[in-house]
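Both of the next two complexes hold chain A, though its partner changes from chain B to chain C.
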Partner chain A sequence: MAYSDKVVDHFNNPRNMGSFKKDEEGVGTGMVGAPECGDVMKLQIKVQNDTIVDAKFKTFGCGSAIASSSLATEWLKGKTIEEAQQIKNTDIVQELNLPPVKIHCSVLAEDAIKAALADYQKKADSK
Partner chain B sequence: MKLPIFLDNHSTSPMDQRVLDAMLPYFVEKFGNAASRNHAFGWAAEEAVENARKQIAKLIKADPKEIVFTSGATESDNLAIKGVLEMYKEKGDHIITSSTEHRAVIDTAKSLEAKGKATATYLPVDKYGMVNPEDVRNAITDKTVLISVMLANNEIGTINPVKEIGKIAKEKGILFHCDATQGVGKIPVDVQDMGIDLMSFSAHKIYGPKGVGALYVRKKNPRVRIAAQIDGGGHERGMRSGTLPVPLIVGFGKACELCEQEMATESARLTAMRDRLQTEIMKSLEESYLNGHPTQRLPHNLNISFAYVEGESLLMGMKDIALSSGSACTSATLEPSYVLRALGVGVELAHSSIRFGLGRFNTDEEIDYTIKKVIEIVTKLREMSPLYEMAKEGVDLKSVQWAAH
Partner chain C sequence: MDGHGHTHSTSDRRELQMARSMCWHCQSEVSGEYFCDRCVKVQPVSKELDYFTCFGIPRRLSIDQQKLEAKFYELSRAFHPDFYQNKSDAEQTISLGNSAMLNTAYRTLRDPIQRAEYLLDLEAGAVKDIRTTPPADLFEEILELQETLDEFRASDRASDKAAALRTQLQSERATLEQRQRDMEAQILQLFGQWDALQDRGEATEQARAERSRILKDMRVILSNRTYVKNIVNDLVATIA
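This part shows the complex of A and B:
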């Protein structure tokens, strides 16, 4: 199966790969997937004044899973919480030109975004 | 050194130039039908086929008359299993096979089961992927008509104790079929010594052409009979009708001859290269695990799982090296390798496996390049892996509540 140029580019030059400390001020962490299924994504956002100022990811999975999470961090940066909620897996599919068998990678990325946002919200609310 | 490098010789192999040279006259110049008994064109074709039959038989210590040509090992497996079950249906309908067989065997058995034409026992294997001959013995019932166990596995290269299984089959008077596709031409095969009654193999795994294979069918002690699965002109002693593909058969013969002549030196060369590949990779990368038997394995096979990284991404990171993976993402079924699962390898590690298949035309320089690339990409992807990060932090990954999807 051939990968799209964009998937290859994200795979070879992943954007924002890495981690924030989970307990750092304003950080929300989302971890989705399972090792048995062959993909696990960790997506983190750093929020200041309701805006995502930075994002990072680490992914265990195929090239499309890595590319989906790399792209997600790129899109998250600079968005407000409200705007970030609007990112849909179909946007990722379109941007990366994912074939049908790889759509679950984009679903996982959307789940990771939602999980990171929810984690941030929970931490903010508990203050 | 030319890129990309081909290290997927279990899937197929490049044809040897000497094989092609032997085949070429049989396309245009000597195009006859080997079944044409009344003219020179037919005689030339028949002579070429009979010569190839001898070359092939010699490699496996059989009589040339015991070679039945097919389109490949998949057809041979189908013909052997369906042919025996149909021919001996008065005697019984039970087949014993193993859980790591090629799908050409497992799915043939399953299809017969589904049609109510057979019952099958799929024997487990040990943690190295080996069938225990005593398990074979214990599975035999008075309805058993066929034992089908492979010589060597296509993913992990483990070589089964075929001779012991052959002995049990003979003792109990049950026919023994062996799918030897991965082993013929690579390791010594002797159908007499191993007690094999039917054996499948093909040309394209041994530097011959695609589209031709053979089924060895024993002629005496016992004389094995199989029901033909293709009706027609009654070629191949009635067991497999269809005009013989003369050029392919000539190539198959030449490929077998070359394997026979060069096996000893080639197997030593491949073993040395494979061992170096294994040692260098495993000493540089912690938590890399060998799949399959440490010693009882094909000389050109290496299968390693690299914990915390996924197989398809490894392949993607080594685009200039042709390899294969047991990862779900690389399979048509979207399930991780059933062979590795049968060995008791965890699903995570099955997703992380890479199969290296060395061959006649690989060089030391290519192996050096591969060692370097594998270490580079595994290190890079582990840096990217949340699982590796957690493991490094001391988190027990088994204790984590994952959200399976």
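This part shows the complex of A and C:
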């Protein structure tokens, strides 16, 4: 199976790789994984005034999982919390041209986004 | 229908769920016998046949290994391709198909983890599709471990740093293997709960809820165990 050019591009030049401190102000962290394939994905957002000003990820997994999370961080930057909620795994599938066997990678990325947003919300609410 | 009463006892009858209700060879009726009553030709077993039924044991998670083995040998004697070398192509093909199914069934039921996975596939249906989320602390552990593994892969194997990393990885391996053993113990506990519930045979709302809970718990633990096991394999391969 050949990866699409976009997957290869994200894989070779991943955007926004790295991490923020978990307890930093305005940071939401999403940790997800797929036991079936052993992938693990950490996606973080930094929020100011309801807008995501920065996003980072760290993924151990296949090329598609890395590309999905890399793309997700690109898309997240500049979006409001509400807009970020709207990102769907199918958008990622379409953008990266993922084949059926790799759709679960995009699901993982969507789960990571949701988890990061939920974590941010939880921290914001508890203040 | 059943006026003779003999079909109640399946233990000593050569009966299984078969693929067809008619002998492929002489077209006479076969009601579950795996050799045709009339022409004595071997019959193909049904693809739908579940492994527990195949071995004539109840759908429980604690099973009698000796009984399983005895039945396996008995059926092997009936189906093994060695006994069909001088038979027709059709019979050889059936013997091969039946034996392959029998071997898979035996391997699956013999191993407690595979047995549990199989039971879940049979029983769970909807539960199977529930996506499981391993606990967050497990992810943290695995993420850190993956980082260490990356560092180790990039390091010069002869250096002190690599040696230190290797020691660290060894200890993480021990932690993960302990975790895996803990999960296996939890699964065995669920075995007991499942079997007890089946033995009670209640059809109450409460029993149904209990059933779903056990199946779901089992699915979660099994999938986390696989996760940990894969990581451990990866770790072992890297530091080898």
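Everything that follows uses one rule, which is that the second predicted complex is superposed on the first by the 124 of 127 C-alpha atoms of A that agree within 3 Å, B and C clash if a C-alpha of one lies under 4 Å from a C-alpha of the other, contacts with A are read in each partner's own complex, and residues count from 1 in each chain.
Keep this in mind: a residue touches a chain if its C-beta (ideal position, glycine included) is under 8 Å from a C-beta of that chain, and two chains touch if they have at least 3 such contacts.
These numbers come from a predicted model, not from an experiment.
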Original post:
Is the arrangement of chain B and chain C around the shared chain A a clash or a fit after superposition?
Top reply: clash
**OP:** May I ask you to decide whether A:78 touches chain B, chain C, both, or neither, giving the answer as first, second, both or neither?
**Re:** neither
Original post:
Which chain, chain B or chain C, is in touch with more residues of chain A?
Top reply: B
**OP:** Using the superposition on chain A described above, determine whether A:101 touches chain B (first), chain C (second), both, or neither.
**Re:** first
**OP:** Pick one for A:3: touches chain B only (first), chain C only (second), both, or neither.
**Re:** first
**OP:** Considering only the stretches 2-10, 38-46, 56-64 or 110-118 of chain B, report the one that runs into chain C.
**Re:** 110-118
Original post:
Which residues form the common part of the chain A surface touched by chain B and by chain C?
Top reply: 31-33, 35-36, 38, 40, 42, 58, 60
Original post:
Which residues of chain B touch chain A in the complex?
Top reply: 308-310, 312-313, 316-317, 327-329, 334, 336, 347-348, 351, 383-389, 397, 402-405
**OP:** Spell out the residues on chain A that touch chain C in their complex, using ranges where they run on.
**Re:** 31-33, 35-36, 38, 40, 42, 58, 60
Subject >> Touching residues on chain A, where the partner in the complex is chain B >> reply: 3, 8, 11, 14, 17, 19, 31-42, 58-63, 65-66, 101, 104, 107-108, 111
Original post:
What does chain C use to touch chain A in their complex?
Top reply: 132-134, 136, 138-140, 142-143, 146, 223-224, 226-227, 230-231, 234
